[in-house]
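Look for chain A in each of the two complexes below; its partner is chain B in the first and chain C in the second.
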Partner chain A sequence: MADEKLTQIYIMGKAYDVPVGVTIMDAMEYAGYRFIRGAGCRSGFCGACGTVYRREGEYRLEFVLACQEMVEEGMHLTQLPFTPAPRSDYTLSELDPSENVLLQHYPEVARCVSCNTCTKACPQEIEVMDYVQAALRGDLERVAELSFDCISCGLCAMRCPADIKHYHVAQMARRLHSVSDSPIPEHLKTRMGELESGAFRVELDELVSMDLDGLKAKYAKRVIEKEEVAT
Partner chain B sequence: MTQPGFEGLQDGYPDYMRASIAEVEATRARRLQEGHQAPLDATGRAKLLEEWHPDYKADRKREISVGPSKGDRMPHEVADLLEAYPTVDPKSVDLSSPDLDVSVLILGGGGAASVAALFAVEEGIAPKDILMVTKLRHGDCNSVMAQGGIQAADRDNDSPSIHYLDVLGGGHYTNKPELVRALVEDGPRMIDWHEKLGVLYDKLGDGTYLEAHGGGTSRMRMHSAKDYTGLEIMRVIRDEVRNVGIPIIEFAPAVDLLLDEAGHAAGALLFNLETDESVVVRARAVVLATGGFGRLHIQGFPTTNHYGATADGLIMAYRAGARLIDMDSVQYHPTGVAYPAAILGQLATEKLRNQGAEPVNSEGEPFVFPLEPRDVESAAIIKECYGEEKGVETPSGIRGVWLDTPMIDEIHGPGTLKSRLAAMWMMWHRHGIDITVDPALVFPTLHYQNGGVEIHADAATGIPGLFAGGEVAGGVHGKNRLMGNSLLDYNVFGRRAGISAARWAKAHEPRNLSLKHVMTYAEELKSAGVKTDRVAPMILPDYRREAVLARRLDALR
Partner chain C sequence: MGTLTYFPGCSLKDNAKRFEDAAFFVMEQLGSPLLELEKWTCCGTVYSLTSDDLMHQIAPVRNFVRAQQAGSDEIVALCAMCYNTLARTSQRINADEEERTKINAFMNKEPDYEGSVRVRHLLQVLRDNVGWATLTDKAVRSLEGLKVAAYYGCTLVRPDEVGIDDMEHPVVMADALEAVGAEPVTFPFEAECCGTYQIVDEPHLALEQSGRILRSAVRAGAHAIVTACPLCQHNLEQAVGALSEGGVEGIKNIQVVYFTELLAAALGADEGNLTPAVRDLLAACVPAEGGV
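Take a look at the complex of A and B:
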C-alpha cells in the first residue's frame, strides 16, 4: 500500500516506523522481525506472545498479547514469551479436594499481599487476585470459574511480588473441581455401557458396507433434531 | 475509542457501514419470527459448490510429478513444497551415533501428539522412553484454538450410527468408512476420558451436557467449554503429560524422517531453531502428529491456523514413501473475521451460528441456512459477496457479510453471548466492537487440511513403524470436515496412534538409520525435471516485508 500511514514505535528501545491499525505482532514483522519465540496461535488463545509496553511520557507498564493489541504512536515495547515457573506434579485421582490441597502444592499462595498486580497484568481481563484469594480459602469452584479464560501466558507470575504461579494453581484447581464437583452425566455412562456391550456393532457393520446409493438415500431421509428455544 | 486507527469510527465501525447495520437491525424482528430458510438439498448443494467453492477452481491446482501420490491434483502451494529439495542436506548429517535413543518418538506438540504420548504410557511404555519434539511450544497448535466444540453421540436420541451418516454425507461420501467408524464409535469414550482427566464441559442444571448443533449435524451432539473448548481440552491434556513426566523438546522441529534398511520408520532428524544444530533421534516407533497446512495460505486466503501450520509432516512422510489422500480439498471456514483488518481471517466460531446468529447480506436479508456443512456455507457467502454483489466492502477492499450476533441474546436471553462465547466477545471488544449490540462482518478463511497422510483405523500409515493422527492424517473427513470432528479426530486417532506405536515399539529392535530415501526423492525430482531452489519443510512462514528482505544480510552465519 503506497499511501500507508506510518507511526513510530520502539521495539526494545529501537525506533521503527510501522503501519497504523495493525497488531504489535504484525508491526514487528513489518519492521523486520522473524519470530521463533513469541508467536504461537496468533489469535489470542495460546499465550505465547505476552508483551509489555509503556506509553511515551507515562510511568506505568501495560501488559498485552502482541497478536491482539494494536500499535500506538510512541509505544515502547518488549516481548516476554517465557516464564520460568515451576509447577507441582500430582496424580489427580489421589488428590483430596480439601481446603488445603492447593496450599500443599503451592504454599506460596499464602504469601499473597493482595496488591492486585496480577490482575492488572492479565491480558484476558481475569480477576486474578480474586481467584488467588479463593485458592487461599480452598474454594475450587470459584477458582475454576474466575480463571476459566486463562491462556497461561505467564504475565501474572512474572509480575507477582510473592512469586505465586497463578496459572499453575488455577489449572490444578479446575481439574480437581471438575472431577470432584461435576460428575459424569448418567447419559454418558449409559452410552459407554451400550458401546461396551456392542449395541451399535450390527448397525455400523451395515453402514460401513453400504453402497453409495443406499447411503445417499439414508442421508436424505435424516430427521434434523429441532432445538427448543427458550421463550 | 482513543486508539489510533479508531478515529472516525462509531463503536468500532466506519460511518459508512452504519447504514447497512441499520438494515440488519430493521429486519431482525421479522427474521426471528420467520425462522431460518430450509437447508439445500443434494442438487442445490452440488451446484453451489461447483460454482463458488474455491476447491472447484481447476487452475489453482496441479498434478504432483513425483512420489507415491504422483498424478494427484493438489493446490499449487502444497505441490510447491512437495516438489522441493530438503531443507537440511542429508549428506551433511552423521547418523552413525544418534544423539538420542528412545522407544516412541512423537513428532508434534499439539492435541494428537499429547494424546498419543499419554496412551503410549497406558500401553506400557515408560514415560522416560517416550520423547515428544515440537516446533514451537507444547500446546502451540490448532487444537488450542478450536472454539465451538467436540462431537460425540452420547444422548439417547442419538447414536454412533447417526453420527456416522452425518460425517459421511458432510464429507460427500469420500471418507474412508473404517476411519469414520472409529471416529464415531470412540466419541463417547474420549469424552469419558476427558471427564476423568478433569475437563470442564458445559453442563445443564440437571447434570447433563449442554449440547448443540453444528453445520451438517442431525442431532445436537456438540459438547463445549464456553467457546474455549479447544483450549480447555488441550491445557488439561498438556497438564497431564507434565504430571506423567513425558520428556519434550520444544523449538526443535523434525525436518525429515529417518528410516532403517528395511524402510521402517526409525527416528527423525531435528533442527534446533535456537542454536541451528541438527539432532539425530533414533526410535523403535514414530508418531506423526505435526498438524496441518493453514500457513501455506492456499489461494491467498488468510487463515485461522497457528504460526507453525506449514505442512512439515506431509512433506517428511511423503518423501519417506507415505501416500497422501484428498489433498485436492481444503476447508475454508465460512466465518473468518473480515473487519477489522488487524484480525483479518481469525476465527469467528461456528458456535455463534449454532447459538442463533444468522448470516445476512448488506440489506439485512438472509441468503443461506446458517448451519450447512462448511463448504456449502462458505460457497454461499462467497456467492453473496461476488455473485449477488450484496456484500459489505471494508476500507481495505475486502468484502464480507454480516453475522447477526445480537440475535443470540434475543433468542436465549441477555448475557448468553458473553457467557457462552466469552472469547468471541473479547476478540471484537479489543477492537471497540460489542457483538451483543452490533453484528460482525465475516468472510471465509482457510481453516483445515481435510486430506493428509493415508492411515488405517489403527493409525498405521503405509510406512511400517510410522503412525499418524490428527490434522496431518487424511481420510477421516473426506473432502469436507464437519464442525466438532477435528477435536474428536485428534483424540480418537491420537489415542490409536499412541497405542499402535507402543505395541510396535515393544515388538521391534532399534536398527541402523538412513536418509537414503531423501536423496532418492531428490533424484526423482531431478529426473522429473523439477528445477527449483525451493526447499522444504518450510518450518515457519516469513511475514517480514519485502523492503526488509531485499536488504537482508547473513553477516553472522
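Take a look at the complex of A and C:
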C-alpha cells in the first residue's frame, strides 16, 4: 500500500511511522511488536492491553486500552499490560459479608484521600474513587454497581498514591454482593443445569482428543463475533 | 427552612446507623428533612494541621464541590468528627484563594470549588433555625423524669473558630434535651476527651478517659450519657463494659445513647424503631402520655 497515509508516534521513546486511523495495538504490530502477552480479546473487554500515553506538548498522562484507542500524531506511549497487585486469598462461602469485610482483606482502602487519580486513570470511565469510598464504609451494593464495567486492567492500582488495589477490592465486593444480596438469575440456573447434564460433553471431548495441528486449524477458523446482518 | 443537605460520614452508614436513622426521623417531624448528598467521600477523619500539605484538604473540598453541584451552599453534619474536619477545611479554604486555586488546579478537569460552602452541625440547626420552642411543641412523648448527661467531647466545641458552643461549658445539647422534657444534670467532664482512636492501640488509655467521664455522669445521677459522635459513643460503651466487669457500682445501669435517639423518642418514633437502651430509658420517665 504505497499511498497509505502514515503518522509518527513514539513507542517507549522510539519514533515509528504507522498508518493513520488504526488502533494503538495495530500500530504496535505494524511497527514490529509481536504480542505474546498484553493482548487478549482485542474488543475492549478483557483488560489485557492497558496503555499509557502522552500527547506531544502535554504534561498529563492518559490511560486507555491499546485495542480501543486510535493512534494520534505525536503520541508517546507504552503498554502496562500487567499490574503486580497482590490479591487477598479467600473462600467466598466462608466470608461474613459484614461492613468491615473489605477492609479486613484490603486495609489500605482506609488510606484513600479522595485524590481521584484512579478515576482519571480508568479507561472504562468508572467512578473508581467513589467505589473505593463506598468500600470504606462497607456498602457492597454500591461498590458492585459502580464497578460493574471493570475489566481489571489494573491501571487504577498502578496510579494510586495510597497503593490501593481497587480492582481486586471491587471484584471481592461484586462476588460478596452477588452471593449475599442477589437472587441467582434464571439463565444461570438453566446453564448450570445444562452443564451438569453433560450438554457440551461431546464438543469438549472432541477438543481434548484433537492433535496440535487440528487445534491450530480450528482456532484459525474460529468465529469471534458473528457478523451483524442489516435488516 | 426546607430541605437540608446532609453529609453522613462513614460511621453513620455502619456502626452508628441508629444515630442517622433517628436524625432522619427527627428532621422529618420538624419539617426540614435531611437530604443526603448523592455522592460524598470520607470527610478526611482528622483535620490536617500541616500548613503545606493540601492533599489532606482534598477529601473535604471534594464534598463541598458536590454540595455546590447539588445547588447547596451549606452542608449539615451529624458526626462530631466529620463536622470538625469539614468545618475547619471550609473555613480555611473559603478564606484562602491561593490554596483554593492550588486545589482546583490539582483536581484539574473536575469542577472548581468556588469557596462558598459552609458546614453546620445538626445541633446548630436545631438551636438557630428550628428553635427550642418548636421542639417542645412537636414533642408527643414526654422525657420528664429522665436525667441526662449531655456529653460533647472535643470536636464539637474545639477549636473555638468551629466550636458550636462555649468550649468550656457548652449547653446546646442539654438545651435540646431539656426542650423535650428531660432533665440535664451538671457534670464537670462534659467536654473532656473520650480517648478517641487510642482505643485501637492503647485501649487502657481510652478506657481510663471514658471511665472518668462515665463515673462523673453516674455521680451526677444521670440515667443516660448522651453523645453526638460515633467514636465517643463507642468508647463510652466500651468503658461501661469494662467498668461493670470491674465491679464499679452503678455503671452498668447507665445507658449511652445518641442525642437524636432521645429526640426521636420524644417526637413520637414508633416503639419498634427504638433501641433497647432508649426503651429502658423511657421506662425511667414519669408517665405523662399525650404530651409534654
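Keep in mind that, in the parts below, the second predicted complex is superposed on the first by the 183 of 231 C-alpha atoms of A that agree within 3 Å, B and C clash if a C-alpha of one lies under 4 Å from a C-alpha of the other, contacts with A are read in each partner's own complex, and residues count from 1 in each chain.
Just so it is clear, contacts are C-beta pairs under 8 Å (C-beta built on N, C-alpha and C of every residue); 3 or more make two chains touch, one makes a residue touch a chain.
Nothing here was measured: the structure is a model prediction, and the numbers come from that model.
Asks: Just chain B (first), just chain C (second), both, or neither: which does A:32 touch?
Replies: First partner only, chain B.
Asks: Once the shared chain is lined up, is A:124 touching chain B (first), chain C (second), both, or neither of them?
Replies: first
Asks: So, does A:21 touch the first partner chain B, the second partner chain C, both, or neither?
Replies: In the superposition, A:21 contacts chain B only.
Asks: Let me test your reading of the model: by the given contact rule, A:133 touches which partner, first (chain B), second (chain C), both or neither?
Replies: A:133: touches chain C, not chain B.
Asks: State whether A:141 touches chain B only (first), chain C only (second), both chains, or neither.
Replies: neither
Asks: Looking at the overlay, does A:62 come into contact with chain B only (first), chain C only (second), both, or neither?
Replies: In the superposition, A:62 contacts neither chain B nor chain C.
Asks: Now for A:116: first (chain B), second (chain C), both, or neither, which partner does it touch?
Replies: Touch partner of A:116: chain C, not chain B.
Asks: Which of the residues in chain A come into contact with chain C in the complex?
Replies: Per the touch definition, chain A meets chain C at residues 60, 99-100, 112-116, 120, 127, 129-130, 133, 136-139.
Asks: For a test of understanding, state which residues of chain A touch chain B in their complex under the given definition.
Replies: Checking each residue of chain A against chain B gives 7, 20-23, 26, 29-37, 39-46, 48, 68-73, 87, 89-92, 124-125, 144, 148-149, 151-152, 171-172, 174-179, 182-188, 190-192, 195, 200, 203-204, 207-209, 212, 215-216, 218-220, 222-225, 227, 229-230.
Asks: Along chain B, where are the residues that touch chain A in the complex?
Replies: Per the touch definition, chain B meets chain A at residues 3-5, 39, 41-42, 136-137, 139-142, 144-145, 153-157, 159-162, 164-166, 168-169, 173, 177-178, 181, 184-185, 188-189, 191-192, 195-201, 203, 207-209, 212-213, 218-220, 226, 228, 230-232, 235-236, 239-240, 242-243, 245, 251, 273-274, 304, 306-308, 340-343, 346-347, 411-413, 422-423, 426-427, 430-431, 540, 542-545, 548.
Asks: Would you tell me which residues of chain C are touching chain A in their complex?
Replies: 10, 13-15, 39-42, 44, 55-56, 58-59, 62, 106-110
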